[in-house]
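Next up, some structures in structure tokens.
You will see chain A twice below: alongside chain B first, and alongside chain C after that.
Up next is the complex of A and B:
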């Protein structure tokens, strides 16, 4: 196979100053802006009234006892289990005991669950609006230039993506236009944001998605708390108790090699 | 793999492990960008560039292991039984799995590496 001569394209060095640096700068500054916008828009967690809080925390108490039963001695575990299961089954911790057995309210009508949805919407908006704005800005001002060459070869399929707006048939797909520099920045700037804003920044979409998967805590909308309590009581009842201190003397003697 | 009961006897603190992984991720993403700068200035192309990244990020992790992870591991395993069970390259004192320690940062830093590699290659060579 004949060696293909390396293409060289003479470009004005001004391209770097007027295209590459503005795009990079704008991308970094948008990330910083998005971080601070998210910080400012974050609404403080809503205060629950006493009964709702008691409902949540008592369920969490049951889960805690169930997952950490091995640090309790047998009598104290039995005492906790009996107290919790009787309270769960009688519905003593419910927010409104007289609504027991009825269908849960529609989540769309509950104002507290609307709040969570609004927060997710706001985050999505903070992502989508700047990205579409920057993409149309780049398309409007900088389309039709070739600015850089990638240091690694690519197949011909990437040509339509990397050289959008440059209709030159025989050009190597390694040459890239401004919009592909935008995509490179979009994916690669996370480490720069880590460096600038600290690790918990909200500048990139990855961090945003991680934040949404965070622990919700308490009851999701449309779940009957009474049923959750009954299920938790059942979970507690079936635990076969043992303690980590069972046989600790043997382990100690083995460890010191007697 | 230790059993569930052994985890209950010697529990892992999830916050500390998370902090360790976060520190490791920070180190790897920052060094990946810097390796990109050096690869761009050296003018590496295609395979040699990716090989450069692979070698140097593994080297960074190995240095971290030698200077930070290994001394603590040898200090803490005082009982002879636990020392026998663990291998030479043991990271279980600070991290969940050896895979996470050795290969976890390779993919995370790759995007930053390609970005700075392209930028400096473009500025210096093309």
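Up next is the complex of A and C:
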């Protein structure tokens, strides 16, 4: 079997100082800058007014009673169930009772939900703009160079990832182009940012995208609270009550034994 | 367990609180600037942690308790420098320090007016609402405190702290059914809290034995009390308060077992058989004496008990022993 000759490319050693190092530095600095920009631009969490808070927490109260009913004795559970279902069905906890039964307002026209969308927009912008700028900067100045050789062998699949911008068919995938170094930094700097900025920093775009998927507390736009209250009233009504205190003394004697 | 500044100091004994507040100069010096504003040093310094600010808050509380106003003000200044004047929690702490500084009732009235003013601007400020309740209570206006709490709980019914405070306010006024209702709400929010189970047991026992209590509800209250104590022991092994309560309830029940009616209403808790009550009483006696013996001997694993509670258990046991020997004679 013929030995594949080791490829050697004579590179200017200065490439390292003038390309690799600046790209890394710029990436780190933009990350830090993005973190502070996000912190500065972040709007304070929106204050709920009293009636909205009442609406949300009353529903949560009902959910609590429904899931922990077994700690109550039967009379006190029945009293709570009756009070809650009556209030839910009459709409006593609604934020604005006179709007009951109407279609929920369009989220686009509601100024309070506009705020949330603006916040998400701002974050997106803080991510997209610097990335575009750096990418075009690298393309304009450093495209087409091979800047380093990785110290470990790689399979051919990595070629398209590591040698983006260098269209040479036979080159060993260990050689890396500048734009590939950029992508590596883009995905791999999370731990550096953690070290510099603490764990919950806003420098990394991956974490932010994950965060946006997270659940939103309270009523999302387009959800009718009245319907949720009615559903909760029904849930409460169908509970078959038992108490954790039923037969507890026998359980205790059995478990500990005299 | 050694007292730590990372836990709220409300449950500490006076000695521990003093010990904590004596750490104030060290902590205040070691993190001198605390909030550094320059970007460069912010990058190099160790990242700021939430633990530091919790320490400041707890230190503030301990210092107020031991009368170290100077250190308390220093803590407050740093908290304000970090979080700003408008933060709800900081506003409550500021109010707390002012209350501690107040010399007479007139000043307290002024602070109360300030709270009302703040709440007029922002009626969802829960920390200030709670401060107002606490201030009303310490000024002796219990019914005002109760109605303020009821207002708070109307728009925030998932607040276990407020429910248990309400229960306590009702309890000191002797309004047992209301207190029990409020405590049950706290239990719904924390279904496995053995201390709340035991507390409910105590409340039921008080409701049953209070002078002027309706005689019809005696048996029902005692039955639930017994079950609550049993549940608290089931949730937490060797729980002194639970066993103490169980012992008290079973003692009372055994003493007047012939007076008790057999049948109770449908759906309510009924008393267990006399034999079961006797066995429960034996169990409680055995466990209590074990706890007293072992915690007095400072055995490993038995040291966490409150001294006063152990003392009360010892007294209960010895009282019973003397009563029993008197009968034999």
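The criterion applied here is as follows: the second predicted complex is superposed on the first by the 204 of 258 C-alpha atoms of A that agree within 3 Å, B and C clash if a C-alpha of one lies under 4 Å from a C-alpha of the other, contacts with A are read in each partner's own complex, and residues count from 1 in each chain.
Rule of thumb we're sticking to: a contact is a pair of C-beta atoms (placed from the backbone, for glycine too) under 8 Å apart; a residue touches a chain by one contact, two chains touch by 3 or more.
All figures in this text were calculated on a predicted structure; none of them were measured in a lab.
By the touch criterion defined above, A:161 lies against neither chain B nor chain C after alignment on the C-alpha atoms of chain A.
Contact with chain C, but none with chain B, is seen for A:58 once the two complexes are overlaid on the shared chain.
In the superposed model, A:244 makes contact with both chain B and chain C. In the superposition on chain A, contact is made by A:16 with chain B only, not with chain C. By the touch criterion stated above, A:254 is placed in contact with chain B alone, chain C being left untouched. In the superposed three-chain model, the partner touching more residues of chain A is C, compared with the other of chain B and chain C. In the superposed model, A:147 lies in contact with chain B only, and not with chain C. Of the two partner chains, chain B is the only one that A:188 touches; chain C does not reach it. In the superposed model, A:73 makes contact with chain C only, not with chain B.
According to the touch criterion, the shared surface of chain A, contacted by chain B in one complex and chain C in the other, consists of residues 70-71, 199, 244, 251, 255.
Against chain A, the residues of chain C that register as touching in their complex are 39, 43, 47-48, 122-124, 154-158, 181, 184, 187-189, 191, 197, 224, 226-228, 230-231, 233-234, 267-269, 272, 276, 279-280, 282-283, 286-287.
Those residues of chain A whose C-beta lies close enough to touch chain C in the complex are 32, 36, 47-51, 53-54, 57-58, 60-61, 64-65, 68-76, 196-199, 243-245, 248-253, 255-256, 258. Across the complex, chain B is touched by residues 16, 20, 24, 70-71, 147-153, 184-185, 187-192, 194-195, 199, 244, 251, 254-255, 257 of chain A.
Interface of chain B with chain A (complex): residues 5, 8-9, 22, 25-26, 29-30, 32-33, 39-40, 44-47, 49-50, 79-81, 109, 111-119, 121-123, 125-126.
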